[in-house]
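This is the structure, below, for whatever I ask next.
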Amino acid sequence: MATKTMNVGMIGYKFMGKAHSNAYRQVARFFPELQVVPVMKALCGRDEAGVKKAADTFGWESYETDWRKLIARPDIDIIDIGAPGNMHAEIAIAAAQAGKHVFCEKPLGNSAEEAKRMLDAAVAAGVYHMIWFNYRANPAVSYAKKLITDGYLGKIYHWRALFLQDWIVDPQFPLVWRLQKEVAGSGSHGDLLAHCLDTARYLVGEIAEVSGLLETFIKQRPELAESDDRLGGKASDTMGEVTVDDASLALARFENGALGTFEATRFALGRKNHNRFEINGSKGSVVFNAERPNELEIYTEDTLAGTHGFRTVSVTSGQDRYTGHYWPTAHNIGYEHTFTDLLFDAFTAMGEGKNPSPNFHDGYLNNVLLDTIAHSAETKRWEAVTL
Amino acid sequence: MATKTMNVGMIGYKFMGKAHSNAYRQVARFFPELQVVPVMKALCGRDEAGVKKAADTFGWESYETDWRKLIARPDIDIIDIGAPGNMHAEIAIAAAQAGKHVFCEKPLGNSAEEAKRMLDAAVAAGVYHMIWFNYRANPAVSYAKKLITDGYLGKIYHWRALFLQDWIVDPQFPLVWRLQKEVAGSGSHGDLLAHCLDTARYLVGEIAEVSGLLETFIKQRPELAESDDRLGGKASDTMGEVTVDDASLALARFENGALGTFEATRFALGRKNHNRFEINGSKGSVVFNAERPNELEIYTEDTLAGTHGFRTVSVTSGQDRYTGHYWPTAHNIGYEHTFTDLLFDAFTAMGEGKNPSPNFHDGYLNNVLLDTIAHSAETKRWEAVTL
Amino acid sequence: MATKTMNVGMIGYKFMGKAHSNAYRQVARFFPELQVVPVMKALCGRDEAGVKKAADTFGWESYETDWRKLIARPDIDIIDIGAPGNMHAEIAIAAAQAGKHVFCEKPLGNSAEEAKRMLDAAVAAGVYHMIWFNYRANPAVSYAKKLITDGYLGKIYHWRALFLQDWIVDPQFPLVWRLQKEVAGSGSHGDLLAHCLDTARYLVGEIAEVSGLLETFIKQRPELAESDDRLGGKASDTMGEVTVDDASLALARFENGALGTFEATRFALGRKNHNRFEINGSKGSVVFNAERPNELEIYTEDTLAGTHGFRTVSVTSGQDRYTGHYWPTAHNIGYEHTFTDLLFDAFTAMGEGKNPSPNFHDGYLNNVLLDTIAHSAETKRWEAVTL
Amino acid sequence: MATKTMNVGMIGYKFMGKAHSNAYRQVARFFPELQVVPVMKALCGRDEAGVKKAADTFGWESYETDWRKLIARPDIDIIDIGAPGNMHAEIAIAAAQAGKHVFCEKPLGNSAEEAKRMLDAAVAAGVYHMIWFNYRANPAVSYAKKLITDGYLGKIYHWRALFLQDWIVDPQFPLVWRLQKEVAGSGSHGDLLAHCLDTARYLVGEIAEVSGLLETFIKQRPELAESDDRLGGKASDTMGEVTVDDASLALARFENGALGTFEATRFALGRKNHNRFEINGSKGSVVFNAERPNELEIYTEDTLAGTHGFRTVSVTSGQDRYTGHYWPTAHNIGYEHTFTDLLFDAFTAMGEGKNPSPNFHDGYLNNVLLDTIAHSAETKRWEAVTL
């Protein structure tokens, strides 16, 4: 099948741990042409009972409870970091210094400064590095990229991004780690807006300046008594401070003259995972919505006059670079496949001796944008994006 | 403005009376190029207080309470029949014999036999005749016709029509005239399926044979105590027999080899006026839904490969023959405009000395189809459509 | 029918002239309960042939070519201003000083200063004043207002407004008056964003501070050789300067703590009249899109758990205060009806001796917001909204 | 992890082979509570190079090229039949007689007579039997079933099913096995309508009588030169006879009085996998479309009066019995998961010592319906469904 394997050690076994595990398990099943394939060597988490059970369920050969031990294992080639944001920098730098390739969840750091150190460490060590901006690998997004690159949309005038969720509208929703700045770094800003910013860079280009706005609507919540399998848990009787943003917004000017809007929130009742963008160019427009991830809406004027309109295109028939590997046209794939697709890209690159894309450089630029927007929200001025 | 006027006498002043009145009042305002324009001469209804008030509200110069007197008036050129179905034949024939042009609501007769006599009378008298199949004059339907005529959809394989409503799902909804065979002729069959059948003939062609199914789900209802302004009223304590169908369905083969499905019902909860059709041809497909009457969904494959999809086209920019007379693109028109548009067509034709289209010939063929489907529902066999 | 009439003199006979004329002609036909009804006395425009023809087509009794003469006519009770923005102030003030009631198109002035003088003049004269923010009178918007007022959506967290068009994406589209600052005052800003701002105030409340962004993508265009009936015309060979914005964006904080985004553009290819807003509250969300004006999307959680979702509600069944006057449920009304509905509100108010709403006060506040956003776009800072 | 394993031998390695393989590989990863889990023992196909490669790619331990040898292997507990329809009966009966549990693709037989023999053989052998009506296990369909069972939709009046595809509209599409009666048994009828019929039985109940219509639009096609990985291949120069239907339609009466419509076609240009149904009951309606498989549209009237409408519900939050095992709300799953879910149901049943559902009894009843519709299409009469 493949000529080479790489052994993966994965840190984190909850939501992202499950998603990454699935991708490692599946990637060579759907992309048998890969020349480098991952082996699910070890899963790492602090709670032994939890990580043991997860390793068994997800299909890992072994488990560890100390990430330093994982890095120290000579049979591990790649360290994949799915731990909370405050641990990214320390782990990634240690892993790189130990000569491991490093894959990391987004946002890369909890600040641009952290991210820069991570990037520098990876570059200095000469290891491969990848960041899990999985929406880039959604077939409809990937196809939008192709259309833009091919000039099908013309010159871009507008970018309009939303990432709307509603899972904390209830003031009684407890103070989980994602609502604590010292762990998560930020709220909707780094969790959701980070995706929009990366997709914007991927599809439209670099951002020159921003005007930001961050808000925390509910400033105190019950502390967490016990976390559940998904994002929440049981509330305790004591209240704690919410230290991250509930909503994050920005206006932007891209370097190429396009205008952008960005809005992420966890307070849009009825919107569950509404990661949507619209791009308007001089020759066409596209709309993507992660709630209908197999569709891209496309508007151009290259049909009979009078018949123009946004068309709902099923991106499942191999017109992108992923879907030809799955099922016949209109037999949909789902959320988990974005991770599989990203691994396909990463292992393809590594098979050719190249660094994956997106990588820590993209992660660093993403952190710079997050910081600049947050800074602008404080100064209440437009701020230029500077490295 | 126009070079000639024609005086209209209208019978009926409820729902259809209001819709027709509006069309007479508005047609020359939006289509000032008309060479023949209507004058709202007299409105006719049995209840004097009611018809007087309606005439005043809708803008008629006078009123009558006896349709025979209306026909006898020498200042009336056109008799417009908006009365219940059981009165159509008698009035239309009398009007034609008196030398009046006749416009009539659909279905033309309560049977094909009635419709044939009406057609024969109008032809014998040499008067103009028109039938209010108003959906033909919906801009999106009219534009679909143009696309088909121009060959843009290729050879037609499938016609798929629904007309779904839900206003009598409640078993306590009273026994209004529309639920009584001796007045209405039929239920969903003549009220709703008749529209689908006409649109099918208009867009696809003549139907060769059918297999029908009619059903009455609720066989008894409270009798009507007092009707309201819309379609219902207050229920009384006594029960009466429902003598019309609640739902009407058919499979069909068109003469050109296309297959058709038809379904009309008043028992589709949540569907309010869901008059929808889909046409699949060898080169393209279109979808229309009267609940979004300014839109036509169009699918063709004349864009870049990979970007095909149904496109939502706003038929408001003058690509049909009506919308250029109203507002700028995407500034919608509504239900009432279908009547205005139909009058535009009718008075344009009459200005050129031609009979309007659709006319009593279309009404007669429509009644033949209704009868054949009902007959097939009884024989439980496919039945050929014969004149 | 009605107990009193008021004679209208209307200035302007193109797009807005046609829309207002239709509303005057129709309002008492659909709202016969009105105690004060308009009489279409005189239409005014500079080009005699044009205004004469329009008066005839639209149904006005007479015409004038000089607005001062119109104001001077003793048989005129109401002056309705549909002329370009740079004429609003002079006409409105003169009309008020002559004791005429004044209706005016939006934006009220070409600056807040102008608008303030207009408001002051109307108040000083004790006349009625109204501004044509017609989207307030769209049934779906009106119903959203009712739901918010009744507390059905809870506390509002987010307002998200777009007004997207594409009619000037082509760089060869000529320099019509709407692209000239000295006539139109601004571009998408006053033409489109003004509507969003008014609807925001109507539905969410007053805005405390804004961060704005204005952009002109195409800075020179061919001068206009001859205007057509709609928004464009023929291009000449010489180029001229575009002096208004092509796009206008803002972030906002409302006084009640809600966050708002606003974006208007004429460069969103495929979007024809995409006047859309979404509101997220603690108990529910609503979405409106003027391209589907009879629909309101509503999300609440008062159904069975597990069955929650945005529901597409047909606002045509009398649940607002307008649609009960038109047609049965799901028999749509269109763009023109928003003007009719607004007149219904205005004449209802005047029949009760009250000033209409929205009025010059709303127009003035709207101009203040426009000016503040434009100012912020220059200072590149958040700016507080101050009167 | 689980207390027991069952060894699977799978016949067929193209489209269905890939889908089933994925399900076996994944089911215990997402449903770790299973007490019986499958082991991917052997894959079987006639072409050794092909099956060897597929076994390697999909993760099977071994392969066979003769299904009789597979059945003879003592280490195989379950025979899964993904071969073309004309081989189902012989294989299934042999497997059952050899004491193997049997899973089989749909339609079960190429006739009701075949299906009956398969059912009888499995029952006689006392083995478990299952049929891959995978759409039953789509979360949105499963949730619709729950809502109906709980009475949330009330009494059912209407069932309306479509399964529209367009992959053979091109007359040059070659004569693949799916277009040959002696292999496939039928065309759209057994391939597509079979799904609609099963879902109808699952959700609404047994069908009493039908009126059918089958049609072959393109009667000759180029013979196949070489098949591709998906559904088509290269055309040769010689023409062959199409011996199956291109479209299959039926009207139906259910035993409980509901009316049904069914339409399957491969000639609906633009419809790729449009497996859609709508159910209208006395208390509510639901709509499903496999092109948006994570959504169920639901209409009920249990919200505030005036706010009723079809709501788009994301069936991803654990409200059915599958999605709680995958990802957070609105993180979609895809086509392949319906197979995984069906295995979850099957192995859950077997873990409790019960036969899976759906099973050969459902397969047999499905074949009876297919035969009755085809018979009705010949007699051109309504035909009763009899066993």
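Letters A, B, C and D name the chains as they come in the text, with residue numbers starting at 1 for each one.
Basically, contacts are C-beta pairs under 8 Å (C-beta built on N, C-alpha and C of every residue); 3 or more make two chains touch, one makes a residue touch a chain.
Owing to the predicted nature of the structure, the values given are computational and were not obtained by experimental measurement.
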item	value
Chain located farthest away, centre of subunit A as origin (C-alpha)	B
Magnitude of the superposing rotation for subunit A and subunit C (Cα, nearest 5°)	180
Length of the line joining the C-alpha centres of subunit B and subunit D, rounded to whole Å	41
Computed distance of Cα centres, subunit C from subunit B, in Å	35
Where subunit D touches two or more other chains, by residue	299, 308-310, 314, 317
Pairwise touch network: line, ring, star, complete, or other	complete
Residues on subunit B engaged by subunit D in the complex (per definition of touch)	157-158, 160, 162, 164, 166, 169, 211, 213, 215, 217, 247, 249-251, 253, 257, 259, 261, 263, 265, 267-271, 278, 280-285, 299, 301, 308-310, 380-382
List of subunit C residues in touch with subunit B within their complex	1, 15, 19, 22, 25-26, 28-29, 32, 56-59, 167, 230-231, 272-274, 290-294, 314, 316-317, 326-337
Touching residues (chain side subunit D, partner subunit C) in the complex	143, 147, 152, 297-300, 302-314, 317, 319
